[in-house]
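The structures come next, written out as structure tokens.
Shared between the two complexes below is chain A, which pairs with chain B and chain C, respectively.
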Partner chain A sequence: MVQLNTGFTLFLSLLVEAVPFLLIGVAFSSLLLFFVDDRQLVGILPKNPLFGALVGSLIGVLFPVCECGNVPVARRLIVQGAPTAVSIGFLLAAPTINPVVFWATWVAFKGQPEIVFMRVGFTLLIATTIGWVFSHQADIGPFLQESVERSRFRGRGGETSAASPAETDTPALLQGGTFLAGELGGSFQLDTPVAQRLVANPVIEQSVASKFELALENMVRELRELGAVLVFGSAIAATVQVAIPRETILSLGQGVVSSIVAMMVLAAVVSICSTVDSFFALSFAATFTSGSLVAFLIFGPMIDLKNIGLLLTVFKGRAVFYLFGLAALMSFALSLFVNLYIG
Partner chain B sequence: MRSRSSNSSSPPQPPRQSRRGSGLFWREMLDVLALGVWSAMLFRYWFGGKLLLLLHPNYAWLSNSAAIILALLALYRAWQIFRATSASRSASASADSAHVTLLPGNLSSAILLTVAIFGLIYTPRAFASQTAVQRGISETLSLTRARPQRFERAATPEERSIIDWIRLVNVYPEPDAYEGESVDVKGFVIHPDNWPDNYLMVSRFVLTCCAADAYPVGLPVKLTDAAARADYAVDSWLSVTGQMQTETLDGRRQIAIAPTAIRAVEEPRNPYEY
Partner chain C sequence: MTQRPSGQLFGQPLDRVATAVMFLVALVIVAMLSFGSQTLPRVRSFSWQNRPVSTDDVAFLLTFNQPMDPQSVEENLRIEPNLSGKVSWAGRRMAYTLDLPAPYGETYELLLPNAQALTGQEGFQPFISEFKSRDRAFAYVGAEGDEAGRLILFNLTKREKTLLTPEGQLVLDFQPYPERDRILFSAVNAATDVDRAATAQLYSVTTGLGSELGSRSNFLLGAGQLSAVPRWQFWRRQASTEAGTTELILDNQDYQNLNFDLSPDGETIVVQRVSQDNPADFGQWVLQAGQPARKLDTEPGGEFRIAPDSQSLLLQQGKGTAILSLEPESEAAEDDANGQDRDTLIDFLPDYGLTLDIASDGSAAALVNFNQDDPDRRFTQTLFLVSNRGEEKPLLDTDGTIISAQFNEDNKLLYSLITQVVREEVADGGYADEESYPSESNPPEGNLSESNSPESNPPENNGESNYENTYEDSYRTSAYLAAVNIETGEAQKLIELPPQSQIEIDLAPDGLAILFDETLAEDPQISPSDTSQYDGPSHRLWLLPLFSTLEERRNGEPVSLPPTPLDIAGRHPLWLP
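Up next is the complex of A and B:
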């Protein structure tokens, strides 16, 4: 009974601490979605692969979206012809390198500030490297899903405005929610009026009032979905803390390698939004190595179950596999370094 | 959005669309309810004073602002539904069919609503001894975790709280240095298994962010002569005054309180230290 009470209190505490940050996150991403014209951004992006990857990794500062919002934005960047290095850098780094996530991580790990800085630094390093690696593929086309590839070329030719089958997936670019693979066909076609309204450049053709209304609606929708995932994440964190014997957790969590592997698996499975994942990690701070916490905080926002579904709407399976593999290996290596030489 | 909600009662609709519109109506209502109850839950913690059991007071304003924003969102959605219904708009019931998600929208709303109702009913409890033991109270005197963010030596020893003592000892661990200093601390009782019967521990949980990172700290109390620790129930709250002295416990020299007075007290409104 005491255990149960502790579990519930933990669960609620995680939720109550995380919900404000979730609200800020969805508010930002919804407003930016409808008020920022990213086409102007694409025009000024650097072409140099390494520098481009670095810049791409830092664009998140302007787009404080978590990993559910960043895939659609990255996709929009790709369609509008942004260099590969920039898009990949953005895709991997944006959920972590942005003010809201930094603040939330800071609140959670104020006692161990090095974790906050390692999170940002390592994410930057990994995202820049992977962006740079991907830029060696001269044309990113073969990596993309065909529908994205098609709209990409159209996007180069001119503005997408006519309603044609190729465009039915375009609204996905403009909505910041979550999407699953294989849904590009029929389900979007049910929705063509909304789709067209959104495809028509939202920045230019909507009045401020209606943009605001769209943003609010988007906010409620993201809140609903990410909130449900947050509830699951908090429940798992609370259960692990009260239900699994301390000895088991300690033996897993104090192992130099086992702790990192455990936290990376947890990060991939739990799929908790990057604006609030630091609170989840915090509940493991007492029992897990610093390196494993860092692994959780850098790997989770890049790749997780929820996000793989999203990635598959943009990239082909092989490309997602490379992204996943590179991100996992680099996260692991860096965290191991932390455990061996810093923590 | 206006266009998303359609009226369930508008007469000239084909049955299929009408059913769908009505489903949509309830779905939107579910949203409003979920948002509203979440807000109510946060308001309850705010005014019921239980928020301090969950969060560090520095972050209470975040939760309180969220309560207000969620209430506004709920009102806004409710107003939208009302407007759509009264205008008899039968516009496309497209909803967010374009928006395929990991969880169906209804399910997400239902989960959120359920959790919020639970939070509204359930009263959080402060952590107690069992959690302290689970989280490793025995290690706290050689504390690895609590690096002091600020360190100030309280003017008089009897003003130090348990965590002040622990931080002090971490900086300067020689127990003899504290010999004879007055102690006046409040905490809950733990009976560590491996301690003799005439010792108990007064302890507190310390928060840096929220209950998720609460870690326990405690000071040993050496009971005088006849009194055994069985006289002081586990988890009961005590105010202990006395002097510090050096004892050997767990095979280690460490500070322990030699009490002059032990009084039972109520659990404080804010049971944590920071």
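Up next is the complex of A and C:
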């Protein structure tokens, strides 16, 4: 009974800390749809693979905040002909490299500010490197899902004629959306609208009133979707703290390697949104090594179960495997470095 | 998503590069695992590193890079000079709560040469750090030459004197702000103001000690500090100001400013004011930052003092003391309830006419009962300790007056300045009753009939008649300073003070010494009703140490020690917090 009480207190405190940031993140992401026209952006992106990957990692500052919103945007970028390095950099870094996530992490880890900087720095490093690796594939086509691949080429054609490609793309888009809903099953029905805006930003071309309505709708939908994941994640975090004996957690959390592996598995399974995952990580701060916290914070936003589902709507299995493998290995290597040499 | 026959795809450049990079990273991991060793456990941050510590700083934090074995840390932790305290843990953080505030003006060294990590990992990176307590500093009103009447800051640690107010301004009273960066004072213009007290205005002046605080947010300091202003809040950082910048707080346009009190949080000032035109328009005004001054709507009162919570006022009204709320909100609530525009009366203590001091934690107050209800003791005063639970405890009686009382830093001792009546003959004989405390020197019952005979009976005496007695032939009052233990009620006489018309004492914030002023030349022209003190005789400041050993301090048992003259001509000394 006492444990249940403690668990519930932990659960609520996690939730209370995280919900404001989730609200800000969702509002921010929806409002940004108004102002940023990714099609204009594509035209000015650098072509140099390394620099492009870095820029791609950094444009998260301008874009929707959470890892759940970045896959559709990355897909829009790919379809509209942005360099692969930029798209991949964006895909991996955007959930972490943005003001709301930075702020939330800072609030959570005020006592260990180096974790905040390591999170940002390592994410940039990994995203840029993977972007650079992917840039070696001059034509990314063979690694894309066929629906994306088809709309991509049409998109390219549209780009040269300087017409709006979004409208011509719409039928292909809708197809993609239906496919997504079928793929993920009933639990992710809410993704259907996300799928509908996979390629084109649905807001840009609308009147102000309907833009606002769309943004509001987007906000409510994301909040319901991500809120559910947050509640679920908080429950897991609270349960882990209460149910598993402290000695077990401590011995797991203090091992140089075991702590990192544990936190990376946790990150992939829990799929908690990057705006609030720092609070989740904070609840492990007293018992887990710093490196493992960093691993959780950099790996979680890049790859998790929910994300893999979304990634598979864009990339083929092998590309997702490379993304996953590279991200996991590099996160592990950097976290190990932190544990061994920084502490 | 299922693997296709790879002939067509596995030859893609991405496959090759990705595989190569993954292999490389895996190799690096293996290398790190086989050659690397975990970093040594170490102290990550120390919350008092290189910053001035005040008596408000009761604890510091040590944060480690990994969970430590508490016992090994506690055994190895040393502070030099020693500061005893208690240890508590939360995860990787250790808090060390001092038993007694760190004495001011010292540099301390924190050493942790060895400790054991909880994982059993061998080794520890030794930790050495320094921290300082605030400089000992006090302010006083100068009493000599062109310093006369000016507010002067004296840094006792560095032996530096700073003149804060300009020449031509005569400072009447002052009180430092809690962060010691400013001092609130009342002053008159020496050149033009004829009726001086009537034209006093309130000012604040910077002490230049703010820079000491500013260094708290120094960027070079370790991370994760518990400072008043976190270093990332750069917009809140205090600019270190030069000493001596004066700012007008309250003018004398329509009202004379008589007495004032500054709240312990520095946010509220209560001023006793009387209208320039209408003497009946008299009362206490409340000044709060960002709000116009408002008059407290209550019965007229006398002495007043803001409570340590900075939200209530103790005001002498009639023969008792009223406790009033200073919060405008509660005033509004009262309006709604009664339809009356009255400030909220929280409590009324009918027996006590004077509040001398309130414990810093608000647990008790030192009050004076003038014994008006007891005909046998009409002309004595009793020092009472009244707790916030309503317990009243008489601490000592005197046939003279209880001038002031101050709680020490842990509210266990009450330093009281008391006068008693002595017969001149006895005084010549070297204070024969030196060891007898006032409670024992009450006039015996039945002697009242002989009160015309000075030899046989001390005169009846109360606050008003003290000073007359001072100048009578056979009787005078002598003042002494006593430390009263509020638990046991035992009083320890610390020093006899020379007879003089006015004396003020102030206890250092770290509780180690008392400052007092001495009137050097007895001038028969001077009487307490005379307001022109600054033209009066020269004054000198003294420092009275209270403890000779650490043991005495820890037990809260001050001893009688000889005071040191400070060779400073001044009066009304007050320590900066």
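For this structure, a couple of remarks:
As a working rule, the second predicted complex is superposed on the first by the 293 of 343 C-alpha atoms of A that agree within 3 Å, B and C clash if a C-alpha of one lies under 4 Å from a C-alpha of the other, contacts with A are read in each partner's own complex, and residues count from 1 in each chain.
Here is the rule we go by: contacts are C-beta pairs under 8 Å (C-beta built on N, C-alpha and C of every residue); 3 or more make two chains touch, one makes a residue touch a chain.
All values reported here derive from a predicted model rather than from experimental measurement.
Contacts of A:V269 after superposition on the shared chain: neither chain B nor chain C is touched.
Once chain A of one complex is fitted onto chain A of the other, the partner contacts of A:E114 are limited to chain C, with no touch recorded for chain B. For chain A, the partner that touches more of its residues is B, with chain B and chain C as the two candidates.
Shared-chain residue A:F8: touches chain B; no touch with chain C. When both complexes are overlaid on chain A, the residue A:L214 reaches chain B alone and has no touch with chain C. Contacts of A:V16 after superposition: chain B is touched, whereas chain C is not reached. Of the two partner chains placed by superposition, A:L252 touches none, neither chain B nor chain C. Judged by the touch definition given at the top, the superposed model places A:S283 against chain B, while chain C stays out of reach.
Once the two complexes are laid over each other on the shared chain, residue contacts for A:L50 go to neither chain B nor chain C.
Chain A uses residues 110-112, 285-286 to touch chain B in one structure and chain C in the other. The touching residues of chain A, counted against chain C in their complex, run 110-114, 129, 133-134, 136-138, 140, 142-143, 250, 254, 256-257, 285-287, 289-290, 312, 316-319, 322, 325-326, 329-330, 332-333, 336-337, 339-343. If you check the complex, the residues on chain B that touch chain A are 1, 3-4, 31, 34-35, 38, 42, 45, 51, 53-55, 59, 62-63, 65-66, 69-70, 73, 76-77, 92, 94, 96-103, 105, 107-109, 111-112, 115, 119, 122, 124-128, 130-131, 134-136, 145-147, 149, 208-213, 215. Within the complex, the chain C residues that touch chain A are 1-3, 8-9, 12-18, 21-22, 25-26, 28-29, 32-33, 36-42, 44, 63, 65-67, 90-93, 118-119, 223-224, 230.
Remark: chain A residues 2-3, 5-6, 8-10, 12-17, 19-21, 23, 107-112, 171-172, 175, 177-180, 183, 187-188, 190-191, 193-195, 213-214, 216-217, 219-221, 223-225, 227-229, 231-232, 237, 241-242, 246, 271, 279, 282-283, 285-286, 306, 309 touch chain B in the complex.
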